[in-house]
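Take a look at the structures below.
What follows is chain A paired twice: with chain B in the first complex and chain C in the second.
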Partner chain A sequence: MGVSDSYERGREFLIEDPIRAALVIVFVVLALDLVRQLAVGQTQFSEFGVLLKDGLMRGLFFGLAGIGLSMTYSILNFANFAHGDLITGGAFGGVAATYVIAGGFGTEAALGSLLLVGAGGSVFGAALGIGVATSPLAVLAGVVVAAVASIALALIIDRFVYKPIRDRSGITLLITSIGVAFALRYLIVFVFGPGRRGVTDPSGIPSVAVPVIDGTVNVDLHEVSLLVVAVVLMLGLHFLLQRTRLGKAMRAMADNEDLARITGIPTERVVRFTWIIGAGLAGVAGYMFVLWNETLHWFQFWSLLLPVFAAVILGGIGSVYGAIAGGLVIGFVMSLSVVWIPGGLSRAAAFLIMIAVLLVRPEGIFAGRSTA
Partner chain B sequence: MSGAEQSADDRGTLAAVWEQDAVKLTALVSGLFAAYVVGGLLLSYGLRQQLNELAQLSFFIAVFAMLALALNLHWGYTGLFNIGVIGFMGIGIYTTAILSKGATLTEPAAGTTGGFGLPLWIGIIGGVVAAGLFGGLVALPALRLRADYFAIVTVGLSEVVRFTLLEQSLQQGQVLGYWVGLGGGSGLLLDFDPVDRLLGAFGLLESYTRFSERTGEAIGIGSNPKPVFDGILYGLVLLVFLVGFYVLLTRVGSSPYGRVLKAIREDEDATKALGKDTDRFKIKAFVIGCALMGLGGILLYASQGAITPNAFRPRITFFVWIALIIGGAGSNTGSVMGGAIFAAVLYQGPIFFSNVIEGSFEIDAVNTFAQAVGPLAAADPVPLLAYTVDNIGQLRFVIMGLVLIYLMHNRPEGILGHRKETASTIPLGRRRAKTGGSPPATDGGEENRGVDGE
Partner chain C sequence: MSATETETDGDRTGDSEASDGANRGTNTWEDSLLAVRDLDAGYGDLQILTGVDLDVRNGEYVTIVGPNGAGKSTVMKSVFGLTNRMGGTIEYGGADITDTQPEEIIYEGLGYVPQNHNIFGSLSVQENLEMGAYILDEVPEESIEAVYDRFPILRERRDQEAGTMSGGQRQMLAMGRALMLDPDLLLLDEPSAGLAPDLVDDMFDRIDGINDDGTAVLMVEQNAKEALRRCDRGYVLVDGKNRYEDTGRALLEDDQVRQDFLGG
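Right, the complex of A and B next:
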């Protein structure tokens, strides 16, 4: 095809969908400006590398946490506003397990303080030497407990809260999930206290300085762990969805629930596995994020819920692969936006993109491909 | 329910039903006040503390009732799922603050940004208009979205508002020679006292001050009695505003315009098919509701002396939602009742209750949950109870969440039962009723689709 062809198509696109065309133009302008900034040295390559790395870390978390949100949104048909607090609950459970094991089951500090993740400043992660390198067993146990705790929480909540009103409208379930979020979040404060705690030993994290054109970018073991865990889990999920009967059933149910039921798919069982997979992934994601972030507090994942929503909406509700891709996009937007706007507004930028996608293309950027 | 048959009869019965509502409302509010007075007596509060407590109670009842009424226009009447209430409140009070703070023409010290020094009433009007305009800005593109997407857009925007208020680069700057700004993370000091301004406008401030000092001395509430009277007066002013909200929204609801809104809630396509431009109706309703939310925000924060961005978290939006759902969406009387119950029982109640307990028993609470639970092994529940009472401030939010879940499970129509006003002008009950010209039943409707089953 010739130049005039693509010119013609571009013109049609511009006329048919001016808002989307404007978004594309904004994106291209920003990309060109980024190249210019890098070329003239206004932004250093190494600075940019750090931003890119942070964006990747956040994006992996958003993607992994978003899978569960996306699955419940499409299979149970409601926006779960308690998803963030579910992650917080799982993370507290996981970090508590890490504390208990790293603290020698009460030999280094009172067992109560360890179980409560050092509530009230009674014991600190740095004192216990917590880190992937320094206490690998404790961290491994923490990952498992975080997943188990999130799954248990999700199943209990589903059994007593969502299951009795399964047949009601999505709005009813949404409002109910706001109630769940409230109860869960403040129960966590009630038990673990309102303090923000550092949960790792920053001096015990090995890192390497990767040389970039005009400087270096530090990559530490916790970042590599987050990356490895996220990629392994995503691949595992891909295998599960594509190769197993359960995966096929889940995809069928996301596509058309009535049809799935008619073909004899046990929908309640699929719903249960939806919660298990979604909450398990979210719990692990939350725990790894806490390790990377080095801090833990009671509304940490509530305040990250909206970016996760943004990721899910961007990728198209119901699409697992979309959630992963959307998560990466939102992660990069949040960290790269500081190149152009003040850092305080980076989350605002992510939300505005989410709103723009909802307005322009509510089916997501990978429309028409609901994979699970 | 029972109203369905009654309201069909004639105007007289309708008036009786309405009177019942007013009676119920008065009984509810006086019951709540009485409970607080009794609690105060248990605590052997002095008169000053009693008066302060009651002033605060009426303040919160009025504020939450007003906000629930405004939200009812969105959700109860029009079916717009707005969970960004706090954003509109924030825009309202911030605009008022910037317009009405004292003018500063030289560069101020850090953290003391000024305003344009306009009279407070202009600031309030400005705040209401700004909230309404922002509502229009949101509504224009967002109204065609599905309810749950609309919810995510509104809550996202309310957070964008908060991030903007927090932003350092907007902290202060020079506009038309005035030093103004959003104050960043440290927020804005409100150097106007709404009560003083109100009295000053009528030239009553001096006589009021004298009156409060004399009366304060006469009834013995100690030195500096003016803040006590200020609180009571502000509570009363808010109750007047609440009546204004109620009358306005009830008139809107029963007007032909309000019937179209309810019709949109029931079935937007059918309303469109009847030739109504539903988008315009929805935008108007959204803008009016947002403006009222702005006013609610102004009234809530104007007397606080200072505002900081982090007070404007989505939490308050959900408070208003809980209030609305308690009372039952779709009914103005229900909204007011929900606001009153939420403020008195769920919001202020637990803290007041824990004060009563702490005042009555010698309590020495432990610091952490572990220390509280540990003694349970030795069958000693006292530390856990003490910890619970001590941390009631957090536990009340757990209770709110559980109440919301309970309501959605068992009484999604609100504690008063089916009170949703229907779109129809005529009662949808039995057909033998006379139909001419009776206003819409205050509680005559069945739920949405129940109508078909008649």
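Right, the complex of A and C next:
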């Protein structure tokens, strides 16, 4: 009887919810295949470990960068396409500060070259010995400057572009933000040049080889730094949103702006803090990502904006916790997909997963919860 | 006795003398807590209200009734700065608040419970009440306790996400939030809307209780008969203009008002 019962239920599930059923089947098949690949040695445990680690790193970046996107969406009611270039701007500012300090304020290379992050190949990160271990002060200053630069850009853009059209529709603001994104990106390439540069000294990054079943997985200090910074900032944000007056006001405004106003919550101040927190987190995320990724170029975060959007939408746009959860999912999917498909298709896999989840849960993972 | 038809009788002193409502201190309107004068207001270019006059005095219980689309809610939104005010003045406690921004009004000592979306659904009950006192630097624990004493069900559900509560509980939370700063005047927009019939009486009793404790109430209500039965004075608003004003009882007993607005 138990068997026929579960058979009946399975049949109903297949018929009534074919999409969900198909997803479950695909997921189970992939999981079984992964076990098979690991068992026969087609994929080594250590390779898989490296992919997991990479996925975590990307996921933390997507989550941290996505928080700002989700917050501006819930509090200002528009999708800010300039978010990626805000991150690029902050990253260039932060790396420039790192270069200047690591370069001895012009003693090891021309100050102009340092300020322009070695535009045109005039100076390289490896030559300056940049890394968390080799130049900790320069990196610390870089993180701070990256955050400050992103915040400054966000506040300036908000004051002169978004604020005057605050009460227009979300579409107007979205299209405006695409314009802002282009303007900002070409301003960055005009100042810093189009070259892709290596900004760290890969030989100077301490790492440990973590043994796994059939090999080792290297974990370096930049990866640990990204993990620690991301987790600390996410916990800090959680504390801010749940425990402080400002955080509660932000959640209240995301929830119901008119009611927030008649309750006496100063909405423009909340908007300002939204930019400060969102852009600040994004700036730090971008800098830590550059440090981990070891390269920096002018359209880096524009091209990462779509997976960030995917993460935010997947998590439930407007939800901070959804952005973090969605970021991790997208990060892992992009990394792990290479077990089955060519690496060039990893982004396609991320978007497929996003679409699949939205088919089952149209509101995203954290459905219906704004900033809570 | 017949209700005073405001369009034909501009003499306000006459209104007062003709009526027998409670809370009548004097025959003049100089002691108005809220005084709306000749108000024109609307949304964007669309004008809804034309020359509306309205008064609420300290401790008074006033209702606005009238057909759908008469502009009843618009009067309240105008007081709170949420409409485009095109003419006239609004005074509260002697101060001109006609052009005060919505986020500033609460400092004057008014509380407002809008008809819809009147709670923060994703915040807990306790956090909703805290938001009611946002303008204070410290969360006033004694005010929260006072609200919990008035609405004990909210104390039981203090950590529940507000959006998951029933309509009646949400309405209590919305009122509790508006009472956090102990306002002198509470504006209630359709407090009985969407409530199960057996809860409507309870809601009106609670509003009576709030008024008995000294808070003046200005209420817009679909349930016109019950509202007029309970209030001190009422206004009938039609097409964005004052039509009648008198004591609640006088309006209830007026043949013309009954026939046109109270369903006979």
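Observations, loosely collected:
Following the convention adopted for this analysis, the second predicted complex is superposed on the first by the 347 of 372 C-alpha atoms of A that agree within 3 Å, B and C clash if a C-alpha of one lies under 4 Å from a C-alpha of the other, contacts with A are read in each partner's own complex, and residues count from 1 in each chain.
The definition used in the following text is that a residue touches a chain if its C-beta (ideal position, glycine included) is under 8 Å from a C-beta of that chain, and two chains touch if they have at least 3 such contacts.
Since the structure is predicted, the reported quantities are computational estimates derived from the model, not experimental observations.
Superposition note: with chain A as the common reference, chain B and chain C can be accommodated side by side.
With chain A as the common frame, chain A serves as the apex of an angle whose CA-centre rays point to chain B and chain C; its value is 90 degrees, to a multiple of 10. In the superposed pair of complexes, A:Arg245 makes contact with chain C only, with no contact to chain B. When the two complexes are overlaid on their common chain A, residue A:Gly112 makes contact with chain B while staying clear of chain C. Once the two complexes are overlaid on the shared chain, A:Tyr7 sits clear of chain B and of chain C alike.
Within the superposed three-chain model, A:Phe27 lies out of touch with both chain B and chain C [touch as defined at top]. By the document's definition of touching, of the two partners only chain C reaches A:Leu259; chain B does not.
When chain A is checked against chain B and against chain C, the one touching more of its residues turns out to be B. Of the two partner chains placed around the shared chain by superposition, chain B is the only one that A:Ile355 touches, whereas chain C remains out of contact. Applying the stated contact rule after C-alpha superposition, one finds that A:Thr267 touches chain C and leaves chain B untouched. After superposing the two complexes on their shared chain, the closest approach between C-alpha atoms of chain B and chain C is 8 Å.
Put simply, chain A uses no single residue to touch chain B in one complex and chain C in the other. For chain B in complex with chain A, the residues that touch the partner chain are 81, 83, 141-142, 145-149, 151-153, 155-157, 159-160, 163-164, 166-169, 318, 321, 325, 367-371, 373-374, 391, 394-395, 397-398, 400-405, 408-409, 412.
On the side of chain C, the complex with chain A involves touching residues 80, 82, 102-107, 112, 114, 117-123, 127, 130-132, 134-135, 161, 177. Of all the residues in chain A, the ones that touch chain B in their complex are 78-79, 110-113, 115-116, 119-120, 122, 161, 164-165, 168, 170-172, 174-176, 178-187, 189-194, 306, 309-310, 313, 342, 344-345, 347-348, 351-352, 354-355, 358-359, 362. Chain contact summary for the complex, chain A toward chain C: residues 245, 248-249, 251-252, 254-256, 258-267, 368-372.
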